[in-house]
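What follows is a group of structures, each given as structure tokens.
What follows is a pair of complexes built around subunit A, which joins subunit B in one and subunit C in the other.
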Partner chain A sequence: MTPPWWFTLPALLLFAFVVLIPSGRGVYYAFTDWDGLDPDFAFIGLRNFTDMLGDEDAVQAIWHTVLIAVAITVIQNGIGLLLALGVNSMIKTRNLLRVLLFAPAVVTPIVTAYLWRNLLGPDGAVNAVLGPWGRDWLGDPGLALWMIVVVVVWQFAGYSMVIFLAGLQSIPREIYEAAAIDGTGALRRFWSIVRPLLAPAITINLMLSIIGGIKLFDQVYALTGGGPGHATDTISTLIYKDAFTLGEFGYSIALAVVLTIIVAIASAAQYTFLSRNEKAAS
Partner chain B sequence: MKKSLSLALTAVLLTAACSSGTNANSGSDAENKTLTLASVDQGSVEDVIKAFEAANPGVKVTFTTSGADQYQAQIRTQLSSGTAPDVMTVWPGNGNPGATYVLAKPGYLMDLSDQPWAGQLPDAFKTVAQYEGKTYNAVFGLNGIGAVYNDEALAKSGLKAPETWTQLLKFCGDAAAKGTPAFALGIQDNWVTQLVLYALAATTVFGADRDFDAKLQSGQATFATSQWTTAMAKYQEMSSAGCFQKNPLGTSYEASQALAATGKTLGIVQGNWIIGLLKQKNPKGKFTMKALPATDDPASFLMPAAAGAGYGINAKAKNKELALRFVTFIMSPEGMKLFNEKQGSLPTLAGAGTTVDPGLSELTTFVKDNRTVPFMDQLWPNAKVQQTMLSGLQEVFSKQTTPDKVLADMDAEYQKGA
Partner chain C sequence: MNRYTKRTFALETLMIAVGIVFAFPVYVLVNLAIRQPSDTSSPIRPTMSPTFANFTGAWREAGLGGALINSVLVTVVSVTIVLAVSALAAYPLARSAARWSRTTFLVIMLGLVLPFQLASLPLYQTVRDLGLLGSVWSLVLFYSGLQVPFTTFLYVGFLRALPRDFEEAASIDGATPFTTFRYVVLPMLKPITVTALVLNAVAVWNDFFTPLLYLSGSDQQTVPVAVAGFVGQFVSDWNLIFAALIISIIPVLAVYLALQRSIINGFAGGLKG
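Right, the complex of A and B next:
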């Protein structure tokens, strides 16, 4: 028996007061020229949004955001899955490995990012190890964006691994044994047993990483500050700069609205696609 | 957005919690003895507050300090929601979100024109402490930009600090050949990009025309068609002459200090505040600031020098009387001397008796001889001009754009006005 709908009211009211109403009120400012300070501001309709189309920095930032989100989603989950398969096997150090691989994920992103900023500096540890092959990792606009991806993947591959691992461990041993008796190879076992039974874990991981990738802020801000120039600016860093450095709150809220729409579309599309797959697999 | 909003919200909530906490704890008697203050002067304001409390028994100052970025976000939120402290850091002039013009225009600052010190400020500081003829900002310190040399490293290299532009280029080449580049440059932090350019522009732009700013304002001059192109070209020439260490774009401000302090470079082009920071990293070191040569005529050199961040009073201050007493203290010889010596800045009023670091004697002379120009951005009409320059310079260094394009973009933002 389902409880009556009004049981959700207390939670719903709290959610409305803390999240829905403030966000809704915030959206109004996307249609104004508010500078965050002057109570005297004007309603300017869609001008913030049309300005965005002509704003090279904004268009570039949207492109960087998409690149980062896709790269992180693919690489982080690929590595996470391989790690999960590895530590799910019977090797002796698997418990220690699980802890070590998950460890970076429990540290605050801003801390790991500052750590990497030093490691990747011209005189940092990475260049000391590479010697003559050293590069200006964060100062080269062609490399900096990918270094951000590397740092994020380094930190969160272990997180994806844990979710995959939970999925793997829910697969009954008997199925593997039956397959082994039938003489299937490892690849076939992965494709016909692991992949379909892992579908829910895949859905969760892809959703989390694409949303995290689109919203990425801390790591970019700490590693490069969006630079050199605007070479690594994402929508989130641009929102921050436009609001707090330039005082263009109206415009930056408009950018935030666009970011919200992108996240909503990307996650809805992904969810529909993956849940259809999940059903087909089960 | 979510992150920054929640940061700003937390800042508001925390301050709200703090101030309500102090109100709740103190009785009505003590209430008018509490002053609230927010500042960016980390490492110096603490001592000034201590001295102020000692001079005013029973008075308690509740204060917060933070970095400039964070502070600018916090103070705007507090002002617009009516939770700002009584006294707060305010930057001189215009062009940044916490500047005098920006905060005085919507009426958030108290008029301080009737204070005795307001009339005594030299003209160069008056213009940036005022908005529409009224004084709002108690500016207490003066900062300059120039080449700061590590005396020991310089002696070891056997080279002499250059006196002319030609000597400068040769100096850079010789220093690079010895494996210790002339200057540390940490432009991963984008605000650092402007310092060399300002040091060059002071002489090339304003040496040729002291009224350049007025012409820029009236539309008679632009960045792209002025001596700014020369300053840009000389910055690039310095870079290709090997004046800076390798990979400046990956080097942070912090890392550049370490290079100059430990003699891995012979010096650094920075503000005078760097001397205190370099001494923290190398307590035995001696550092001397000189004008950065931009032409072959030393008599024509000018140095960028300007009032640093000062203090304004919230127009809706809960304790106006105490706020005024604090600002008066900062502008008194005792308070100003304390602030200056802690920060390594020069006093804005004569007679403060500040003991100036011996490494700053050249700057002191330039100030006395009226051979300084304000930091270029202080009178620009909006924050975007400077931000365009800062990220533009990073793009020039990483070959994503050209100096001419950056100057043209700055003109475009300048012409959009306030």
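Right, the complex of A and C next:
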């Protein structure tokens, strides 16, 4: 006997009201010149999207979004994996380090970002440590974007670590030991034994960091506000600015449609690539 | 391999150094929060004459008391609703192979890809028309719907891996579907419920974008928007701001340190889901 279909109703209604219907209306508004208030608005076809191609700020924001997402994914997972390998050893401080390194991941991102805004400021602690090598980290258009990546990685490398660690601990000890007895080198052991068995952890980590990176808003808002100029604007910050400071709701929603498409492409690419990878590993 | 060798010691030293680098921002945070505004020495010099005045000042000015109550209220109510409706929905979705079940599941999973930015602006209009703009209850409604896809995904994955024997035994004994859900299925879901609870609570508590949109300019605030408002108001009074940041993260860190094992396992638990 299968449970009745109406068990899905409460979840379905909430989901439809909050996500599905507004998203559908969003796609429609993306083809209008709606300003968020006026009930009279015109259907303008693809104009929001063609305008976007000629809008330097929008093109730059899309580029920043992709760049930030890729950089965060690579660096955060690289460091997270190294931390996991370090903590998954015989060192005495492993439990303490695990708790410490993961701690930033539970703290509110907007709060850690404000902390870092001060640390990276001209008179901040980072410059106090670096002395003559100090820079205006957030005021330099060439550096500011990378500082956002640094802050996100500092906060979430421990998150990647915890997931990698769970993957590492699911690998039976005997497998390592057998390989060690066979005289397999450490790197070789990692590449041919650990890496394939880590496939599920890699999948989850890449998925979380790339989608989180694409949608990034809080850290940019608090660290630079998208500045200097528009040097660190992402699609998310531009959506917010265009809608709530310029009143261009239609254009802003068109940007949200672009954001959705990028998330969908990234998810589909990862799904195809990683499921093939996981299959090859098993 | 199981002995503490010289190489283990080298690794230990390296990892402790890494830990210190990661903890450095927290040292500066505390160091400046207890500093008098007149003390303009380097931010990394230990504060010699500490004061507690920044904390009392920040508490008085930032409205953090009310914001903390709102954040607790929003998190508790919306996470309870999300867990309840998602677990209930996951039961038929995991157990039925009928077309409606597969279609419903796919539609809900669509929500994993749709960024909230897309829905947020049309919702803004709906909420304004309903007169709920500036009310924390609008947030409860949003999170209750927003977190459904992810939570349902966790529950369905977990439930599919569980045998049906107990449910079938219950229904042979004449239990109604709801009784079976409440007394047979729900207790089996406990491990994944811990994971879903932790992940949802952290996501809801920390969310900034939603309250920024829907609570702006109102007197009802959650912690993240109260902090942002405070920073906007006291721009460069960093001693005061840092005290406010510390007050805002103490509840989170307290819960984290008290329940670290379940919380870390909760975050890692999505792996098995």
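Everything that follows uses one rule, which is that the second predicted complex is superposed on the first by the 268 of 282 C-alpha atoms of A that agree within 3 Å, B and C clash if a C-alpha of one lies under 4 Å from a C-alpha of the other, contacts with A are read in each partner's own complex, and residues count from 1 in each chain.
Throughout what follows, contacts are C-beta pairs under 8 Å (C-beta built on N, C-alpha and C of every residue); 3 or more make two chains touch, one makes a residue touch a chain.
All values derive from a computational prediction rather than experimental measurement.
Contacts of A:67 after superposition: neither subunit B nor subunit C is touched. In the superposition on chain A, A:228 makes contact with subunit B only, not with subunit C. When both complexes are overlaid on chain A, the residue A:123 reaches subunit B and subunit C alike. In the superposed pair of complexes, A:263 makes contact with subunit C only, with no contact to subunit B.
Applying the stated contact rule after C-alpha superposition, one finds that A:75 touches neither subunit B nor subunit C. By the touch criterion defined above, A:218 lies against subunit B and subunit C together after alignment on the C-alpha atoms of chain A. In the superposed model, A:10 makes contact with subunit C only, not with subunit B. Using the contact criterion defined above for the overlaid structures, shared-chain residue A:108 touches subunit C, although it does not reach subunit B. Subunit A is touched at more residues by one of its partners, and among subunit B and subunit C that partner is C.
By the document's definition of touching, of the two partners only subunit C reaches A:93; subunit B does not. Touched by subunit B in one complex and by subunit C in the other are residues 36, 123, 215, 217-218, 236, 239-240, 243-244, 252-253, 256, 259 of subunit A. Taken in their complex, subunit A has these residues touching subunit C: 1-5, 7-12, 14-23, 25-27, 29, 36, 83, 86-87, 89-94, 96-112, 114-116, 118-119, 123-125, 128-129, 154, 158-159, 162-163, 165-167, 176-177, 180, 200-201, 204, 214-215, 217-218, 221-222, 235-236, 239-240, 243-244, 249, 252-253, 256-257, 259-260, 263-264, 267.
Residues of subunit B that touch subunit A in their complex: 1-4, 8, 69, 72-73, 76-77, 79-80, 97, 102-103, 105-106, 108, 188-190, 245-252, 255, 382-384, 387, 391-392, 394-395, 397-398, 400-401.
Touching subunit B in their complex are the following residues of subunit A: 36-40, 117, 120-123, 136-141, 215, 217-218, 224-231, 236, 239-241, 243-247, 252-253, 255-256, 259. Remark: subunit C residues 1-4, 8, 11-12, 14-16, 18-19, 22-25, 28-29, 32, 42-44, 81, 84-86, 88-89, 91-93, 95-96, 98, 100-101, 104, 107-108, 110-126, 141-142, 144-146, 148-149, 152, 168, 171, 177, 180-181, 202, 205-206, 208-209, 212-213, 223-224, 227-228, 231, 238, 241-242, 245, 248-249, 252-253, 256-257, 260, 263-264, 267-271 touch subunit A in the complex.
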